[in-house]
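Below is one structure, written out as structure tokens, with a few remarks after it.
Chain lettering (A, B, C, D, E and F) follows the sequence in which the chains are written, and residue indices restart at 1 in each chain.
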Amino acid sequence: MENTVIELAYALDTFYFLVMGAFVMWMAAGFAMLEAGMVRSKSTVEILTKNIALYSIASVMYMIMGYNIMYSGTDSSWWPFAIDILTNADNTAEEVIASGGDTYYSGLSDFFFQVVFVATAMSIVSGAVAERMKLWSFLVFAVVMCGFIYPVQGFWKWGGGFLDAAGFSDFAGSGVVHLCGATAALAGVILLGARKGRYTADGKVVAMPGCNMPLATLGTFILWLGWFGFNGGSELIISNVAEANAVSLVFVNTNAAAAGGVIAALITAKLMFGKADLSMALNGALAGLVSITAEPLAPTPLLATLIGAIGGIIVVFSIVTMDKFKLDDPVGAISVHGVCGVWGLIAVILSGGSSIGAQLYGAVVIFAWTFIVSMIFWAIIKMIIGLRVSEEAELEGIDLAECGMEAYPEFVGK
Amino acid sequence: MENTVIELAYALDTFYFLVMGAFVMWMAAGFAMLEAGMVRSKSTVEILTKNIALYSIASVMYMIMGYNIMYSGTDSSWWPFAIDILTNADNTAEEVIASGGDTYYSGLSDFFFQVVFVATAMSIVSGAVAERMKLWSFLVFAVVMCGFIYPVQGFWKWGGGFLDAAGFSDFAGSGVVHLCGATAALAGVILLGARKGRYTADGKVVAMPGCNMPLATLGTFILWLGWFGFNGGSELIISNVAEANAVSLVFVNTNAAAAGGVIAALITAKLMFGKADLSMALNGALAGLVSITAEPLAPTPLLATLIGAIGGIIVVFSIVTMDKFKLDDPVGAISVHGVCGVWGLIAVILSGGSSIGAQLYGAVVIFAWTFIVSMIFWAIIKMIIGLRVSEEAELEGIDLAECGMEAYPEFVGK
Amino acid sequence: MENTVIELAYALDTFYFLVMGAFVMWMAAGFAMLEAGMVRSKSTVEILTKNIALYSIASVMYMIMGYNIMYSGTDSSWWPFAIDILTNADNTAEEVIASGGDTYYSGLSDFFFQVVFVATAMSIVSGAVAERMKLWSFLVFAVVMCGFIYPVQGFWKWGGGFLDAAGFSDFAGSGVVHLCGATAALAGVILLGARKGRYTADGKVVAMPGCNMPLATLGTFILWLGWFGFNGGSELIISNVAEANAVSLVFVNTNAAAAGGVIAALITAKLMFGKADLSMALNGALAGLVSITAEPLAPTPLLATLIGAIGGIIVVFSIVTMDKFKLDDPVGAISVHGVCGVWGLIAVILSGGSSIGAQLYGAVVIFAWTFIVSMIFWAIIKMIIGLRVSEEAELEGIDLAECGMEAYPEFVGK
Amino acid sequence: MKLITAIIKPFKLDDVREALSEIGVAGITATEVKGFGRQKGHTELYRGAEYVVDFLPKIKLEIAIDDGLQQGVIDAITQAANTGKIGDGKIFVSDLFEVIRIRTGESGAEAL
Amino acid sequence: MKLITAIIKPFKLDDVREALSEIGVAGITATEVKGFGRQKGHTELYRGAEYVVDFLPKIKLEIAIDDGLQQGVIDAITQAANTGKIGDGKIFVSDLFEVIRIRTGESGAEAL
Amino acid sequence: MKLITAIIKPFKLDDVREALSEIGVAGITATEVKGFGRQKGHTELYRGAEYVVDFLPKIKLEIAIDDGLQQGVIDAITQAANTGKIGDGKIFVSDLFEVIRIRTGESGAEAL
């Protein structure tokens, strides 16, 4: 009888994990739609191809090596290497019962939950390098990022490496996922350069409006929904009162932070530019979500709203600032995931979850590792196959050059 | 051991609540897509902005006051006022165990489930006033609606107020949510007037076709999916055989009613207009869903199909009739949520769930409260900042005037 | 106490079933978007109408007869006929407890899960006959397919009929759902003929690019997500360690196969055509999903990836081959669901799940039954009301002829 | 024969078409165009960067007519398309050498 | 030189382009236009309200040619674009004063 | 008066507009067109079937001017729109008989 209850709890926690994982998987669609909405129509097919292909590469690479690196259970806190391909073995009922419920979910459900996270990190990159990077160069980077760069720093924190030991706190990945993805994106953008015509010789910023705002909005709503899985699932367990409450609080705070981000970004944009800039409101939602991701479990809902709102303000200024440095990021990924990722890590201290020192230490380590190693790999790819499509291809549209296809063959005007 | 089982049941019910709540949250995307598909392209950015902003405002306002008003636990059955900001406190394991399982879900999960409901009610409004109402006037109304108008009538029924005592029956909110939202919309539409050129001087109706039917269809499917959470979650508990069966029946009946609504609306439109009008089929699905929402638990699936089908017929006639009265509702929100909401309340008696008197009483009270108070607030907003954009802005498109942005900058023809 | 645990397990399994069913329901939106994206703009409203209407018809027909035919519990292994309309009766707590947990989910939740499957089968048909078939002819076929053709062969396997007895193995429906749907589609396409101008007199294939690739991509992501429900729910139970592990493995393998399908299709297309053909990548994802559907529970994740990858290669060749035979299938449904469905059935033997003989036997029986009976019904419909819109209507666009409405009234160029 | 080309504001299309029908014009070809002129474009905003849209949506009408109708057509358009605000548009008149109806092969005034 | 302007049915574009290529026409500029004429528009429906679409999609071709090609071009279009049904369209012929090729600055017949 | 019609590459629109503004052109009407000429179209791909896109996106500019401006406008366009690659486009010049400003009814040179 008691065993049945332990099994039942295991089943509930596993099911919870799978459902939350499915929500996170859905974020792949969110990134695809957001990015497809915020690029120009002539770059749409290529960004869609990147998105579905990167998700697939992430799934395979994490299966054959990333997951093992990240959760190797090695003693080293620095160098986890252990490449085993995932099998279909899992905890037996005997093991679970013997553990008295300490083993509380299927190992494969854990893999599923983790694999959709690495896809999220990689999705961040695709938006920032949109409209000009070669498709296959990007996909090669995806292989390295998902199989190596992400898992190593993931191990440092979530696999029990030295960042974890240092007291660095990152509940669901403001740092491990979002900052990491944004940093890889930043390295790519630096080597790649801005889209042709984005900045004039005399330093003016030329707007290149996204071609499909409903899609961008849909993408944002998808991400918002998916984030309940992202943060909500990161509690890892739900099968008792305290944990069920914890997951509920995470849901409430995640929602509150996103709401705060939208409102703050909208008002900031209205004050700064005089209009209610939808693209900023959308980025505000995501900024709020990233900001709360490092600690959605400690703040009150009101504090969560404020943390999100500050994220929403930051993102507007960050996007404008990026353009000052001629860092061309068509979807604002670096601002949303990187700058607000750091803010999220710092905000942990607002609810007493960590020390500012530990948080900054973690941010710096993740940034440094990801930036340097990404830069090296981007540079190697640049040398061997090049990062950027030809000027002519970019002008005509990367879709024709890379995919030979138009996204809207019957509609496009200019 | 027994305690573990109680905790486990609590965890399951909480998890169920959260998942259902996430489905309802997803309806926000559904409304956004439906509305974006059914307005003209020049009003698309603004309707998207409204949708994401109203959801955010609902989240904040309900957190700081609405939830408390609605579920204040006050003795008064009329005037619940009690404004406390939501905290992150929740039931302790001891309390739950002591209750012997009577406290069966996390309080925060309940908040999450409730907050997405108020957002739904508010989403109904945005569609009806689309293409001409000032963005900020709408958002001000959202503050009042989500913080005050909705929660008060919600308290009367679901908070244990006088409507509940009167035997008024409304399982998941045909009245409390849909009729309420539609009534606020109606008041707004009356004060606002029709879109320019919608009705000619000699009384003819000028069609203003929605610019993107795939989006409208996507929105409808999203709402359909979300409605499983809306109705399915309103059972509030799932952790035993009877309740699990109940939730299953709610799922089946919700689906059946929507299917009935589609088929009936499609055939009605074919008979009336000679063509299979997709926009009516979409409204038919929603009409079916609204119709079953007041009582999805008592009817057989066949009866549920019929209730939905009657909703699907009603909605076609209602939409045509609205136009006779020059009530311009670009997405048919008032017909779908208001007229079919009343039908849903009445249909409760078909499966013996209540008396016609109690149901009409409830409908009238909700309508009267919402209509009068909304009218007052709309009027105040009109006096102070105005409800309507300038004629020129409307002609040129509200997107440019309010958001300074185009939804499809590369595509639009006319 | 023990009874409470049995009830709790029943509740968990039922909830799991409902959530998985909701995911499958969501596939209806996926098919709608995929198809709307891959037809031309002038056929978009009609394909949307077909999709929402077929889902509705499936819901009703399966309720009033299909479900009973398929799960009649009759002794005959050939001819199950037993038409009872679904009621809202369900297992009582006593029955469940008396069964000692052998009755582990709500009967209505089972209906819900099954009804969304028949809708999936029917959705496959709509894509293949797009842009030229009369709306109402299609809907009449939907009535027959969902009420009769599908349930009969479904009974043969899942209802305990002779195919099941023969050792034929089909976990979630590579054969019962996908091959069946694709076969009905094939029969329809043969009688219907290709779209005007699709094949020139001298045998050349004229490309008719889909009008909205972001929608097609969104549809694919929706289907991918929904497939977790499709395959994951087909385990039917999750409430103990072994079953929770099983469902987890199904999730992992389903994802892996889709990923393998994308990568393989993308590379195959690149090698064959020199470009990264997004439409093939999307079909590759679906091909991978269909391929793993017959057995997602036995392979290791790596084998699942390979099974999916082979599906991804097959689908590219199959699509090209279909065109050689002038079988015009605008979305590739026959290749994805039919050809890869057969591959999926065969792939079962790779993980030792069945014999090649039993699998081919099953495939042939499903194909023969569905093809012959579909052909008969398509032919009857053709005789009585005709299958195809007039040449003029097709040229001008089926939307105007059948629905009197344009999908993108403000955008379309050519 | 003459070809009258008129650039008008898009929302005046129906009025102009009716005015032309009334005076017996049997055919019109309309094109969506973008116009640059005295009427100022507007400033749009995207992610903090402003950009000016100089070219405003207009409709171009082309009407082939017999010489006798010229003044009537010009008057009809001038009246129906007039809002009195900058940007109402222009009418251009040029010579048409020949007109052929494809369906019948008729030419000249008969083809109009 | 002459400018031949032809309004044709959209699905005839390929046929006309081929017919013109055969007789040696080297360049064509095509525009999507909406035509109003003898051919009736159709009635569409949206949420119970009917509305008439008067303007039907057409393609306008503009072809600058040397005078000598005029009759050949007219014949080619008249044949290739003909369906015999109302709405086949029109051909307009007008004078061209000068033609310049932007790339080279060539002018006159050489620029065609 | 003259009507200058120029077919140019789309991304040259801003440069040409500026060049024209500088020499005092007050109005331009632009149309998105598709051009067929010496410049080869490209091959696209869809589901294994190749197809040739012959007609390439171009912008057509129409500029009504006083006779005196003709050479200046031609020079301005020829320079600003030139990339030296095939497909830069053409300029056509034709006579304009009359010009009317709808708003005021002014005609002739004043209406430009």
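We take it that a residue touches a chain if its C-beta (ideal position, glycine included) is under 8 Å from a C-beta of that chain, and two chains touch if they have at least 3 such contacts.
On a predicted model such as this, the values are computed, not experimentally measured, just so you know.
A.B. asks: Which chains lie in contact with each of chain B and chain F?
C.D. replies: For chain B paired with chain F, the chains in contact with each are A, C, D, E, in label order.
A.B. asks: Kindly point out which of B-D, B-E or A-D repeats the C-E interface, defined as over half of the contact pairs being the same residue numbers.
C.D. replies: B-D
A.B. asks: Identify the chain pair with more contacting C-beta pairs: A-D or D-E.
C.D. replies: Answer by contact count: D-E.
A.B. asks: So what's the Cα centroid distance for chain A and chain F, whole Å?
C.D. replies: Once rounded, the distance between the two centres reads 46 Å.
A.B. asks: Measure off the straight-line distance from the CA centroid of chain C to the CA centroid of chain F, and report it in whole Å.
C.D. replies: Inter-chain centre distance comes to 52 Å.
A.B. asks: Just the number, please: Cα centre separation of chain D and chain F in whole Å.
C.D. replies: Chain centroid spacing, chain D to chain F, equals 18 Å.
A.B. asks: Of all the residues in chain F, which ones touch at least 2 other chains?
C.D. replies: Correct list: 31-32, 44-46, 94-95.
A.B. asks: What are the residue numbers in chain B that touch two or more other chains?
C.D. replies: Only 1, 5, 8, 12, 19, 209-210, 212, 218, 273-275, 277, 279, 403-406, 408, 411-414 qualify.
A.B. asks: Once the touch criterion is applied, which pairs of chains come out as touching?
C.D. replies: The set of touching chain pairs is A-B, A-C, A-D, A-F, B-C, B-D, B-E, C-E, C-F, D-E, D-F, E-F.
A.B. asks: Name, in rising order, each residue of chain E that touches chain F in their complex.
C.D. replies: Of all residues in chain E, those touching chain F are 3, 17, 26-31, 64, 94-103, 105, 111.
A.B. asks: Using the touch definition from the top, list the residues of chain F that touch chain C in their complex.
C.D. replies: Chain F residues touching chain C: 44-51.
A.B. asks: Using the touch definition up top, name the residues of chain C that touch chain E in the complex.
C.D. replies: Interface residues on the chain C side: 395, 400, 403-406, 413-414.
A.B. asks: Can you check the complex and tell me which residues of chain B touch chain A?
C.D. replies: Residues 1, 4-5, 7-8, 10-12, 14-15, 17-19, 21-22, 25-26, 28-29, 32-33, 36-37, 44-45, 48-49, 51-53, 55-57, 59-60, 63-64, 85-88, 90-93, 96-97, 105-109, 111-112, 115, 135-136, 212, 215, 218, 402-413 of chain B touch chain A in their complex.
A.B. asks: Quick check: in the complex, which residue numbers of chain F touch chain A?
C.D. replies: Residues 10-11, 32, 42-46, 57.
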